[in-house]
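Next come two complexes built around chain A: one with chain B, the other with chain C.
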Partner chain A sequence: MFSIFCYLREFLRPEWWKKFLFVKTAPLVTPPHYRDFPVLTGNECSHELRCMMICPAPGAIEVLKNAEGKWEPVIYKGHCIRCGLCVEACPDNVLTSGDILSVNEKEKTYFLASYHLNVDDSICMRCGNCSVACPVNKEVDPQLAYTATSSSNEVIMRIKNSKLTIIHPEKCTGCKTCEEACPNHAITVARVLEGFQDED
Partner chain B sequence: MSFLQSLKNNVRQRSIHVCYVNVGSCNGCDIEILACLAPRYDIEQYGIYVHNNPREADILLITGAFCEQWEDKLADLWDKIPEPKAAVTIGNCPVSGCVFNRRGSFVDPPVSKHIPVTASIPGCPPRPTEILSTILSVASELFKDYEDK
Partner chain C sequence: MKKTVDVSLPIGPVHPCFKEPARIKCSTAGEHVLSAEIELGYVKKGIERIMRGRPWQEVMFLAERICGICSVIHNMVFIESVERISDIKVPKRAAYLRVIVNELDRIQSHLLANYSYCYTIEHETLAMYLLNLRETAMDQIELITGARVTCAYIIPGGVRFDLSKESEKSLLGALEKIEKDLIRYNRMFESGPLISLRSRDVGILSKEDVKESHAVGPTARASGINIDQRTNHPTYQDLGFKPIVRDSCDNYGRIMIRFDEVFQSIELIRKCLEKMPDGLIRGGGEVGAGETTWIGEAPRGELTYRVRTDEYGRIIDIAIQTPSIMNIEACGHYMLKGVDSAADVTATFISSDPCIACNER
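And then the complex of A and B:
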């Protein structure tokens, strides 16, 4: 009898009714370390395209010119898998997502990219298309044209002594234009990205 | 608007039955739907009930990159859902095929070319909070004044 009275008293409390009808779990907030879609930080993009090279999802990121004529990475939702690799690979910290940049700064971790050119001499037919197509060569020696036998020694590669010679492999930016221009698939570009950490 | 209409609107928004279908995903997005059911996110407190029967569903949640075998089956399933209805795709796969959309793979994204899609939630996978807020915002638009539509 007493317990029924106790229950009734409990149920007559307005507080109980309010809780019964309107209680919800606390609104869930996204934690600050969560890697959402990358957003721009405002740093200037130097068009090294490392973000596009490292991105594992097809069609997720593109570096385009914005309205002011400056390079700017664009993230496509519905393609981006939010792995954050573009944020980490960027040498200029153009993008940010979650706490990736602050953790990189704290732990002094960074990526270094290097590009290795490899020519298969047995199938290379010395047409020089790769050297002519290369945008870096075009910048260094505008004279370099058909058959790539111009005499400049500052270019990445050219035909020298009737053989495709790689002179300055360190100038390569990894764009793979030469790969696409080669009719025999004789030249390949390996993009190597190594993670480093400064320990001190 | 009459009192009865506003009551109907109110009640419809608080009783949404969802049905989910996996048209060839990796199960990551299905696990996120499962996380919505668990006490931490708890979609039932918002009046969303998982009821895996298309004939009683209001909203169809679609995960996956649309494998070939679903070509006729998904359209059938969509026809079985009574009006008012909405399809919400979850994850990148129904939008773009994500990492499965490679040469030689048997997927046919986007899902929106097979059935009409009301909303898409990007992400690989999306957070449960994103799924929840999308369903709630779709439902409040869709079921409001349905008789007038």
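And then the complex of A and C:
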């Protein structure tokens, strides 16, 4: 008996009737850092490739030269998981998605990235593909070709005494081209990342 | 004389009253269930294998994709294990923000669990009420983290976004609404006609059975076992956390303990908001080499991550133990045994809040 009374009370509440007669969905509030696919803000990209390196989704972002010959990140929507990390990682605010960029600027949060190269000597067959493919190497020593035996000591890596030596890992921009060029997966790029916030 | 026929009754993986890809095989005498066996493995993801060799940035996103309902705790436990490995300190404000988001996640997970229970016992009104209420919690998660489920909110050394003053106000308002409505729904479940009657003394899991089967989380706490991994967490210790225990051991107890825990989570969030200092939300620090085991309390029970990293912060080895698998054991071997009618089988199974996504990680 009591339970039936409870039930009647539930359905005799004015609130219930109000909802039943004038049902209305509350307007959707956009969260302060709603994440959509990243889009370009128009700032110039400095080709640091931090966006590519932080992106957790394989194949979601690539920095390519556009028609005017300028660097520009391209987002592949089928792969992007809309995490917004590329927006947070870019030092030049090239990308934006929702309010992430403004939230980052307000809170002074950012990511610092550095890259480490390791070569597994036991599977590296000294083909030099990695050194030839590396865009930084190519800029430093345009002569570097086929055998990757460069005379310059300013390149990131080269074949020396028929062994791949890494000379300047700090110049690496983390683009992972070498990883892709290596037929044996002997070279790997490790991204080291720290999330920071400035005190005001 | 009437003859009782023994039949084997399969429920699932595709079954009108049971929506998860698992099979319950019951041996029955008439309607009475003599024993049950649960068969898994229909949708194995192999996620631990995919994680190996990847940098933590990728693994963090994979971890929260293990379970679509309790993703925040996976993010939290994984990041906390990485932080323990590399000795990264977290600012106080970030630690409290983590707890707030985690408790919001627990609220929505418990409400969803109780929704599916009410739905299974065919009380759709209460079910829909609970599901609607869950949206309030989901909205708050979205407001704080920017996404509903896969929010990737927690990163080594802190969290990604701060809680603004406006969001804080809306969070407090939402908590009030959840509390007010849930008191009513709780009463409906307790005193509504037949709702709880269908769950009392069904699916008994005694204290001894819990010890045998190693059930965890609300399932164990509803049988009088006082274990909650949150008591070992430094931030929760700060908040003076005490686990809730009931001892009715049946479906009713398991549902009620979830209602109780939602109220408890609301209190915890309020305490966090009070105690939360101003300041940084990110500390910084590089992920280094090491190995650790770290346990957290997911909405369903204890969640263990064993992680080994190399000097560049890449995951060499990882093993994840999710709570559901223990509870499914307990459910199949103890709870379902002796259930009086086939209609109670799914209800009993759902009352332990099984998560196939966690099991098939």
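Keep this in mind: the second predicted complex is superposed on the first by the 109 of 200 C-alpha atoms of A that agree within 3 Å, B and C clash if a C-alpha of one lies under 4 Å from a C-alpha of the other, contacts with A are read in each partner's own complex, and residues count from 1 in each chain.
Here is the rule we go by: contacts are C-beta pairs under 8 Å (C-beta built on N, C-alpha and C of every residue); 3 or more make two chains touch, one makes a residue touch a chain.
The shown structure was predicted, so the numbers you read here are calculated from the model rather than taken from an experiment.
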Partner chain(s) touched by A:A181 [first = chain B, second = chain C, both, neither]: neither
Partner chain in contact with A:P56 - chain B first, chain C second, else both or neither: both
Chain B versus chain C as contact partner of A:L40, first or second or both or neither: neither
Comparing the two partners chain B and chain C, which touches a greater set of residues in chain A: C
First (chain B), second (chain C), both or neither touched by A:V103: second
Which superposed partner A:I81 touches (first chain B, second chain C, both, neither): both
Which of chain B and chain C A:A133 touches, first, second, both or neither: neither
Those residues of chain A which chain B touches in one complex and chain C touches in the other: 34, 56-57, 81-82
Residue ranges of chain B in contact with chain A within the complex: 40-42, 45, 92, 95-96, 98-99, 101-102, 120, 122-124, 127, 129
Complex interface listing, chain A residues touching chain B: 24-25, 28, 30, 34, 37, 56-59, 76-82
Footprint of chain C on chain A - complex, ascending: 2-4, 6-7, 10, 29, 31-35, 54, 56-57, 81-85, 88, 98, 100, 103, 107, 109, 112, 116, 118, 190-197, 199
Complex contact set, residues of chain C against chain A: 55, 57-58, 60-61, 139, 142-147, 150, 152, 155-158, 160-162, 164, 167, 170, 184, 187-188, 191-194, 280-287, 310, 312-314
